[in-house]
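So that we are looking at the same thing, I have put the structure below in structure tokens.
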Amino acid sequence: MEDSPNKEELRIGVYICHCGSNIAGVIPPAEVAEWASHLPGVVRATDTLYACADSGQSLIKEDIKKYNLNRVVVSACSVRMHETTFRGAVSEAGLNPFLMEMANIREQCTWAHGHDKEGALRKAKELTAAAVAKAHFLAPLEFITVPVTKRAMVVGGGVAGISAALDLADQGIDTILVEKEPTIGGVMAQLNKTFPTMDCSI
Amino acid sequence: MVDAARHPKIDVRTYTNVERVEGYVGNFKVQLREKARLVDVDRCNGCGECAKVCPIEVPNYFEMNLAPRKAAYVAMSQSVPLKYTIDEEACIHCYKCVEACGPLDAIDFSQEDKVVWEDIGSIVVATGFNHFDPSVIPEYGYGRFPNVITAMEMERLNNSAGPTVGNLIRPGDGKNPQRLAIINCVGSRDKRFNPWCSNFCCMYAIKNAVLLKQANPEMEISIYYIDIRTPSKGYEEFYERARGMGIHFIQGRPSLITQDDNTGNLFVHSEDVALGRVIEKEYDMVMLNQAAVPQPDVDTVSSVLNISQSPGGWFMEYHPKLRPVDSPTDGIFLAGACQGQKDIPASVSSGLACASRAGRILHSEEWQIEPIIAQVWEDRCISAQGKQCGLCAKACPYGAITVETGKAAQVTTAKCHGCGGCVAECPHNAITQMHFTDAQILAQIRALLAEKPEEKIFAFRCQWCSYGGADLAGTSHFDYSANERGIRVMCSARMDSDFIYEAFRLGAGAVLYSGCHPQDCHYITGQRVGATRADRLMKAFEKMGMSPGRFRVEWISAAEGDKYSRVINEMQETLNAIGPEKLHEENEMLRPEMEKRARRMYEVPLVTEASDYSDEMRQAMSDMEEPHGS
Amino acid sequence: MAGKPKLAFYWAASCGGCEITITELGMRLIDVGDLVDIVFWPAAMDFKYDDVAAMKDKEIDICFYNGAIRNSENEHVAKMLRAKSKLLVAFGSCSHLGGIPGLANLFDVETMLQRVFDTAPTLDESRGTRPQMKNKMPEGEIEIPKLYERVRTLAQTVEVDYFLPGCPPVVDQVWNVFQTILAGKLPAKGSVIGAAEKTNCDVCTRKKGASGMRIKEFKRPHQVQLDPEMCFLTQGVVCLGPVTRAGCGLPCLNGNMPCRGCYGPPEGVVDQGSKLVSAVASLVDTDDPKVLEKILEGIVDPVGLGYRFGLAASILSDLKYGKKGA
Amino acid sequence: MEAEHPMTFADQVRAIPGGEHLEMCFSCGTCVSKCMIQQKLEPEYNPRRLLRMVMMDMREEAFKSPTTWLCSTCDLCYPACPQEIHISGVIGAVKSLAVEAGYTSPLETVSVDETLCSGCGICVMTCPYEAPHLIEKEVNGVMDRFSEVDKDKCMGCGMCVAACPMGAIARPGVSNPELVNQIKIKKHKDAPSLVVFICDWSLRADDDLTILESYPENVRVIHIPCSGRIDPQMALIALRSGIDGVLVCGCAPGECHYQRGTYVSACKISLLDSMLGQMDLADGRVRFVQLGTQDRGRIRHEIDGMLAGLQREAA
């Protein structure tokens, strides 16, 4: 079910993003990268101006081939922002997307500790170390694919619901438009003419 | 509206409620309850004979209760579908309508509610908004002064399909008003009611004024405002046009309306802020431009659809900028004002956006879900050895685990949403969660507490709420102590007590156990599992004599960035108050107890490797410290 | 004046306490005897009305008239003494303000007669009878005075020169008044003598209320443990000290009981009871109309409290009986 | 860290309890029109502008502004403010700073006549603004106690004047004699005579004031700063002089311009009424009505109703 990490030799790549001045304005990414290079299992550590940009992503893709990396750590923004982006990048380079781990050194470090640069630097290093530690135990995973029922449901028959239903139906999707009142139309139907065009609302 | 009903691909289900939703993206099962109309929709042709003979009149909600409707009714003449409905509460069962229906025989009093299950790939929520009831502002006299009306009442009174067929009269005495005052921000931008700006009322006031002025140029119209907001294309020009037509714009929020009982006229008392003068002007009628507020039933809708709310009661979007129409639950989208106040153009565009977002899913044959689901180690599950257990099944919000004594627990992949509750509840660590295994989490904890742990505030955050709250604290630049170290799990239910004991065993100064507010949990009851565990831990640590405030439980939503930073700063103050010596001494005193409780985790496969690796990591980190001599 | 000044005392509708105050002069009575010649004092010596009727006008130098005007006899004697006396002094609360008898103005004569002769529990078989105005007696026909509807003060019947307040007036004040009258050092006609200008609060040593101290509940003296150090108003007990002249030496307050206002209102206060209401009502501490009603229930008998001694002289009596009051 | 910046005017005001979050004001003007001082007393009165002066560090101008001194903290504005700013609290804070800076109140305040004052402390307990307090003073060799009024705190409402049994405290314009002299009505054979004591703040609309002036001679209107200024003795004096009825008008509960005047006079008239009742004189000849800020035109009903009642009574 899962293979223990030391079966094949771990080759981790660490990428510290500048994010323009958002990160680099508070801590020196190069120093973090140099510090991370000594961590066990890390064979490649560098900083990059914008990891999520093409330059950043292509750097990671080339490194995966050049250094034959089997784990990637990206210390940049929040997982909620670009996890899908970096998973896409590593899988394009042939590496299982779940072997990439992010460290959030922007929203949860530099942006929140602008008043304590020294503390932010120490935290950025340790967050990167934690990501490297987790990377050690990452196992390749495949997305679970589920079938999709090609039917949509729109709850609410006001102007927004009707627009959505119409568009979905025009795309050839069977749509159920559910409305709790006896008639669709919502608040819009009650209105007289509507701005700015002053045409009728039904 | 009509084309929506006629579209072959749209099945319009009116007078129907969504009662239950199960499943996940691409595979939702939705239970619909079609309330009994007491009219057979196939037979009814909307002729209205039944309404003609129906003796019962009740206020018509569609006409804002300004006009009556019969017990057998349609909301408006252009109702879609044009089918009559019989209002069960109002009906006195005289059956006159049945006779009037005659051969059509469309009225059927034996009709029951129809409950049906539908397989659905994606859901668009467009439940809309409600209007603020201004009667709670006594100073404006709505409900006491008949000629003070709300914006929606004006819509009906001024509407050619309305109760007065477009002839605007004032409710007090039926006269045509010559002097009208429109008061903006009624219930909006008001901390006592709704702190938000309702987005469309300024333009809405100007529209009504222009319409009325066109119909009756001599009419004197004044709009009282705090700030006129014309944010979109063509809006400022529209405001310009209104001023050009001689509509007065008075900057000053009226404090009071008084009525002359004989004439029924109203006096609006306000300051003309531009002049700095108090003014009292007489009007025939006053329109209160009421705020947009969430629907009264948002709590039921959000619990049925399992979507959370942002402050104020609007449904919460995944990300305000990058995924504004997605709800946090994959496959459910938020269209229109239910997600936040919007005018019609914005509502339509968000509806169309939802169509394309849903289309992304519905047009692909299959859809990917993150493989972060639970997996059972059959050899470790005591149920397989014939013992009675099932703790994991009890913790699962989705009933995805079936347990029979004598056989190991079984996880049905399709049903598992990946909250991790079962993994943390299993006392024998016989179940793990892909991508969030105990080993991975332990490795992170040990790496973060490798250096000077006693200075650190270790925070467990859940992906959907408190991790989002921490992000928001950053985006809003609310500074908090840099001694905070946090890890991310999918739900507070995943925060195993062993992790907490381990963190304290490693010497952490303080630990924050944080997740969603109860009603916001992404996994329905996941938060409750986490909350009960947190209470148990809190009591245990109090019994152990740990200084209060070192272990803290806080429920923080993704919209509460300020709360996250405040909590961390407070914990930092607690640590400062306790001081390093006492903290160290307390950790020494607590270590044996923590060791005893955390030892069970070390039976988990790979955890031992994780601890060996961590020692290697700590060694590397301390080497790096010395040479720099920091 | 030729010989010793002539002094007269008369006792109209009152309890007689004022007469006893004179006896309280004790040994000083002897000095009085030396100084004046008492020509009319029915309570003490066997003087007859005819003795007075026989005198010339203004023959009596000083006349102390105590008691209110309740019936025709009181009025007749008051008028006679007015004619016969140079100085007529209203002696004590009853003649000055109407006193306790003045409280009868709350009722009409018929109600009182019913109470006394019909419904009183202690009546024997005489229940239901009424005293006859004229009665044949062996010695001849006798009359009993007619009860007036309204109890009036002396000043409301005849012109009064000076007022000596108090129920009864404190004996030392009476002695001072004797000295001042005999020495002729009297203030302007119609003023109050034997009392101070300011109110009791001026001489009362209790600790007064501070800012914002208000009355949450009115209590009557028997309902609360009275603190001897603090002003009664701060304890929610209504004290008439603020609307009553000083001069009595505070026997009530020293006995830890609130002042009842027997020395009458100070200068400038026309109606003692309504002035008391004005002062006390200003201290009520609520902004809720319902609670206000409950607080006011604490004052069981407003007229009795505000006009215990002054109902006859009050505007309320004027309003009830108008100017006539036959 | 840069040098500790000196406390701005706004910081100082915020530091005083009640002065918090004045910076949240978005100048909507609700407070200005809810308060009646500009309409009735001083055109320059404008709480919104005072808040703006505080925010813009205009210290001197704020101290000189009439708003600082005329606000009687009646709190009509506080519940109306959409930003929930305690406006009267901010004004009170500015006022206390102004007093510290040596400015004094321009208001017509009360003064104490020590030859009459018996030091009973009733004015001290009555005053909503804690202006009077008792002082010990030696008068020709004897220690005596008098009331002394803090001119900057007194709002001139006159509640203490009514409460003072000795008439020792007086406010020019509404002293006891000045009011009693106004209680004169020429007797009319058919129309009942009515005295109306009305407080300056109970009638918001100017139309109502014209209604008040429209009554013929048999209705005598006497203006007082606050209904709390009423002394039941004056009502009795009016009745005794042959006037048929006395109507006292004050503000609705919670809307009294001087905080507690309306409760005080409600209590006085209610007690007076029960006294008249005991003397079976309570036929509605003395009434106290509380006019709300939205009771436009009600003054006419109250006066006409009273006159009709007196008419029936007289018949």
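Which chain is which? They are A, B, C and D, in the order written, and residues in each are numbered from 1.
Basically, a contact is a pair of C-beta atoms (placed from the backbone, for glycine too) under 8 Å apart; a residue touches a chain by one contact, two chains touch by 3 or more.
Model, not experiment: these values are computed from the prediction.
Path length between subunit A and subunit D in the touching-chain graph (shortest route): 2.
Set against the C-alpha centre of subunit D, every other chain centre is closer than that of A. The two chains most heavily joined by C-beta contacts are A-B. Distance between subunit C and subunit D, defined via averaged C-alpha coordinates, is recorded as 38 Å.
One inter-chain figure worth recording: subunit B and subunit C are separated by 79 Å, centre to centre, where each centre is the mean of the chain's CA atoms. Put simply, the C-alpha centre of subunit A and that of subunit C have 98 angstrom between them.
Per-chain Cα centroids separate subunit A from subunit B by 23 Å. Along subunit D, no residue makes contact with two or more other chains. Contacts with at least two other chains are made by no residue of subunit B.
Looking at subunit A, one finds that none of its residues touch two or more other chains. Taken as a contact graph, with one node per protein chain and an edge wherever two chains touch, the assembly forms an open path, each chain linked only to its neighbours along a line. Chain pairs that touch one another: A-B, B-D, C-D. Residues of subunit A that touch subunit B in their complex: 1-2, 4-6, 35, 38-40, 78-81, 98, 104, 106-109, 111-116, 119-120, 122-123, 126-127, 129-134, 136-139, 141-196, 198, 202. On subunit D, the positions that touch subunit C within their shared complex are 116, 118-122, 124-127, 130, 132-134, 144-145, 159-160, 162-167, 176, 228, 231-233, 235-237, 239-240, 253-254, 260, 263-268, 270-272, 274-276, 278-281. For subunit C in complex with subunit D, the touching residues are 105-106, 198-202, 208-214, 231, 233-234, 241-243, 246, 265-266, 268-271, 273-279, 281-284, 286-289, 292-293, 295-296, 299, 301-303, 306, 314-320.
Looking at the complex, you find that subunit B touches subunit D at residues 138-139, 141, 185, 189-192, 226-227, 251-262, 267, 269-273, 276-280. Within the complex formed with subunit B, the subunit D residues making contact are 26-34, 38-39, 43, 46, 48-49, 77, 80, 82-84, 204-207, 293-294, 296-297.
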